[in-house]
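Look at the two complexes coming up: chain A is in both, with chain B in one and chain C in the other.
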Partner chain A sequence: MDILLQLLMSGVALGMIYAVIAFGYQSTFATSGTLNFGQGEALMLGAMVGLSLSGDILGGPFVNYWLMVPLVLLFGALQGAVVEFVGVRPAIKTKSEFGWIMSTIALGIIFRNTAENLWGRDDLPFPSPLPTEPIHIFGANVLPMELMVVVGAILMMVLVEMFNRRSIYGKAVVATSSDRDAAGLMGINTGLVITFSYALSSMSAAFAGVLIAPITLTGASMGAVLGLKAFAVAIIGGLTSGLGVIVGGILLGVAETTTGFYLSTGYKDVPGLVLLLLVLAVKPSGLFGKTTIKKV
Partner chain B sequence: MLEINQLKAAYGQVQVLHGIELKVPKGQVVTLIGSNGAGKTTTMRAISGMLKPTGGTIKLGGRSIAGLPAYRIARIGLAHSPEGRRVFPTQTVRDNLLLGAFTRLTFGGKRARGDIRGDLDRALDLFPRLRERQFQLAGTLSGGEQQMLAMARALMLNPDVLLLDEPSMGLAPILVEEVFHIIGRLKEQGMTMLLVEQFAAAALAVADYGYVLENGRIAVHGQAEQLRNDPKVRAAYLGIAH
Partner chain C sequence: MHFAIPKWAAPLLGASLVTLALGAFAADPIKIGVSGPYTGGSSPMGLSMRDGVRLAAEEINKAGGVLGRQIQLVERDDEAKNERGVQIAQELINKEQVVADVGFINTGVALASQRFYQEAKIPVINNVATGSLITKQFLPPEFADNYVFRTSANDTIQSGMIVEEAVVKRKFTKVAILADSTNYGQLGREDLEKALAAKGIKPVAVEKFNIKDTDMTSQLLKAKAAGAQIILTYGIGPELAQIANGMAKLGWKVPMVGSWTLSMANFIDNAGANSEGARMPQTFIQEPNTPKRKAFIDAYMKAYHPANGRIPSPVSAAQGYDSMYLLAAAIKQAGSTEGPKVRAALENLNQKVEGVVTNYNKPYSHDNHEAISAGIPVMGEVKGGHVVYAYEEDRKNPFHTK
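Let's look at the complex of A and B:
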């Protein structure tokens, strides 16, 4: 029983990381119908920049972990804006249906190669800002950092949701998501809103990067698998549902940790991906995906 | 206030507007009538920047706006209540109205802030049904209520010129009457409007001046009064045999 609880808790922490990255996929999909397939690399860059700032690889630490986080968020936002400007904007302008897929993948590969050359190919340890002694909760051992992952992920999503509901700029983002042409008539610069959504998307990935790095290892190749699994989460939960990515993330995270323990770590990715295939077959819009009703 | 010369527009290879000439003087209501497919909605879309014109000039208060993106034209002071209402369904009625005032609420919007709270109140006075439904999602409104919301939202821009595209489309007769009553009230308040309507008789009754569009060209134009009595217009658009 204690073991199961342990697996559940680790699964939830992992799942929240997936949820944060998947949240980034949703953000760009909502405003522009496009996705940044370099999300995993955005996560990796966030972690690497974070390590450079608060680790000792470049002669640092220059700042502590807590000051580093906002700097990494800023970096992530800029990186996302660059991806939109270079890779996505031209495709949207020419109404190319698939151009953005290849260009965001290409940018992701370029970022990974650059990271390999800047920081090397080896995985590096990321110093944990919190004690590495596990805390006992109901008999399970939980790392303080795992708790922070959950709290940080929820905090970020709540903040974005509040921004969308309360501020006029957030309302403009939602309006652009539901009807881009009509939003333009309101005086909203929808192109800028799409750039913003890419900035937000990479920012959430970079945030996920600095949250997960102290638990795992940091390296140029850390993002690829995470980005892909988060994409699966976005599909399972639904590309339009905020609650969906949290539930989907936790489902996938828990499926991984329990399978890894009870069956074999070699199979830990299978149940989640089977779930993905099932969802695609039964409810292609995702578990929580909405189909909007349009009045004529 | 709004001056259009030789306006041309196309959807892909298909030329839809072949050089429209049209004027909307300040404080007047001008209506654009014509059969389905004549190019009424295309004209509106080309003016507001939803569609990029392929030729001609458009001047709003002396400033050239042809070819600008829609959001910049809105910031200069043109509001467009588009065909099909296009309200934001997942947001509340109140949020829709605030989005109408986006250019006044934001730093980059460039329009004078003015009395937004008061304007919101006045818009809700004009459309009392919307006041009752302020905190409901726009997607849950009936078609008629959505139309009123689209008009109220456009008014929230505090526009110099208001474009109304088929405000009566799909509405019950009693609501059509209400919509025209409101257009009349806006006219009394001095609002400059360009109105596209299928109910040509009602449109000509409220308008000062009218243009008849046929196959992407202006066929006839004149004082609304004069058009109402023109036998050809009566037969073709008002459904009255002479």
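Let's look at the complex of A and C:
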């Protein structure tokens, strides 16, 4: 029983990491129907900028962890806006179906190479702002930092949801998601809304980066695997549902830890991907996604 | 100058150029290839190896070079990629026309690239890669002569030492193996299982993990549930750190013993306090317990000023340094830079070579291309962020001679 509980807890913690990153895929998909395939790199940049500010790699620490977080969020937002401006806007303007895929992947590679040259290619330790002693919950061990990932992820999603429902700007975002052309006719600057959604997307990735860096490895290549897994989560949960990514993330995380234990650690990535295939075959819009009918 | 150096290669040529410019152009320099990963996850090993080779080459050049000629290093970054290693081997052989090559950190890269040196009859000294197969790729009767040599402790020796430490010295009977899914990890796991079988022990758990895995819970829980008393590892720094950190998270503390990569700075730094007590076979520990070692460590500190006074990978630096001296001694004895003559000289070195790892007295023969035999490496232990001798008697008795 203890073991199952531990596996579930670790799986949930891992799943919430995936969920935060997957959340970033959603916000751009909702407004523009495009995805930032450099999401993993946005996460890495957030973690590396955070480490530069609050770690000692560039002669710091300049600020402590909690003060560093808003600075990283700001950086993430700027980075996302740049991606949108350089990579996505031209594609949307020319109504190119695939241009944005190539350009966001290309930008991701550029960001990774830049980071490799700036910070080197080794994995670096990220000082933990919370104690590293595990907490015991019903016989299972959890790191305080893992709890923070869970809390931080939920908090972020709630804030974004409130912004969308309560503020006039949020309503512009929602309007653009439901019908971009109609929103544009109503006087909403949809171009700006899309830029904003990219800023939000990279901001959430950068936030995920500084949240998970103390419990994972921090380095220029940290985003690659995580970005891919998060993409799977976004597909499983549905690209249009906030609840979907949380459930999808937890499903994938728990599937990984339990398969690793009960089946074989050599196969631990398989069930998650089988789940992905199943979802795509049975409910292509994702477990919680709304089916959209494309009228031509 | 009568030979052109491409712009991009200039910084790679490094210090050797300085001595070259000062020295007379009476004789052409002797070109020696130095290949290894100078970027990427294995770069601490690659860079330390290169720095060790550079130190040795500089000293040799200062003392007048070999055969009255200066040594010129041609350094190339293989990025730990097999295909890159193959390109570099061809470039070094055909374009740079090197006399010999030292280097190779990654077993896979070595196995893919050294075929070209073998075909060109140019000796290669592997100074870091440990795969057991490396020196056994070109054996008689298929190949009359083998051009591949080594100055590192191969995986057969290492896994033997790991099992000796776990089963004989510390008397554990329930062991778990955690190895990564690369060639290095899986070949090492096979060697470990063989060594355990020789002691009549079957591991209670054999688990696998991938490069960049961030969660080791299931692997560790399986080992724990099987009642493992000790964990044997075959992997590289960052993931080994995740194992040590994962154990701390589960509140399960058993000893960790594994291949020499547990001495990598990126294991010790990423695992912090959780790396304490991890043990691994080492051919060299950064401790000045012989005059030669003291001179080497001092020279390294003076030349490269490593962070915290710690060589990123002391083993790689020492083995790199020794490989250059062995090669120089062989060229001197051969009286020529022709590959077959240098190989023959390496296989029958008359001069004793005083090295950092050990003193080499006839290190190679025609059929044995391993300079390091069982008995030369010692057990190292992580203590206070540094690798120190696990056993006091090894520290006091540093003169292992082959």
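We adopt the following convention: the second predicted complex is superposed on the first by the 291 of 296 C-alpha atoms of A that agree within 3 Å, B and C clash if a C-alpha of one lies under 4 Å from a C-alpha of the other, contacts with A are read in each partner's own complex, and residues count from 1 in each chain.
Simple rule for what comes next: a residue touches a chain if its C-beta (ideal position, glycine included) is under 8 Å from a C-beta of that chain, and two chains touch if they have at least 3 such contacts.
All figures in this text were calculated on a predicted structure; none of them were measured in a lab.
Q: On the A-aligned overlay, A:E116 touches which partner chain: chain B = first, chain C = second, or both, or neither?
A: Touch partner of A:E116: chain C, not chain B.
Q: For A:S10 in the superposed arrangement: first (chain B), second (chain C), both or neither?
A: second
Q: Can you tell me whether chain B or chain C touches more residues on chain A?
A: Counted on chain A, the partner with more touching residues turns out to be C.
Q: Please indicate which partner A:T257 is in contact with in the superposed arrangement: first for chain B, second for chain C, both, or neither.
A: Touch partner of A:T257: chain C, not chain B.
Q: Could you tell me if A:F138 is touching chain B, chain C, both of them or neither one (first, second, both, neither)?
A: In the superposition, A:F138 touches no partner, neither chain B nor chain C.
Q: Of the partners chain B and chain C, which touch A:P125 in the superposed model: first, second, both, neither?
A: After superposing on A, A:P125 lies in contact with chain C but is clear of chain B.
Q: A:I215 in the overlay: touching chain B, chain C, both, or neither? Say first, second, both or neither.
A: A:I215 contacts chain C only, not chain B.
Q: From the superposed pair, tell me which chain A residues show up as contacts to chain B and also as contacts to chain C.
A: none
Q: In the complex formed with chain C, which residues of chain A make contact?
A: Those residues of chain A that touch chain C are 3, 6-7, 10, 14, 17, 116, 121-125, 132, 134, 136, 141-143, 212, 215-217, 219, 221-222, 224-226, 256-261, 264-266, 268-269.
Q: Within the complex, which stretch of chain B touches chain A?
A: Listed in rising order, the residues are 48-50, 69-71, 74-75, 79-80, 82, 86-91, 95, 98-100, 102-103, 105-106, 108-109, 111, 139, 142-143, 146, 153-154, 157, 170.
Q: Enumerate the contact residues on chain C facing chain A in the complex.
A: Its residues touching chain A are 39-41, 43-44, 181, 207-210, 212, 214-215, 217-219, 221-222, 225, 237-238, 241-242, 245, 248-251, 266, 269-270, 272.
Q: With touch defined as at the start, can you tell me which chain A residues reach chain B in the complex?
A: 168-169, 171-172, 174-175, 178-179, 181-191, 292-296
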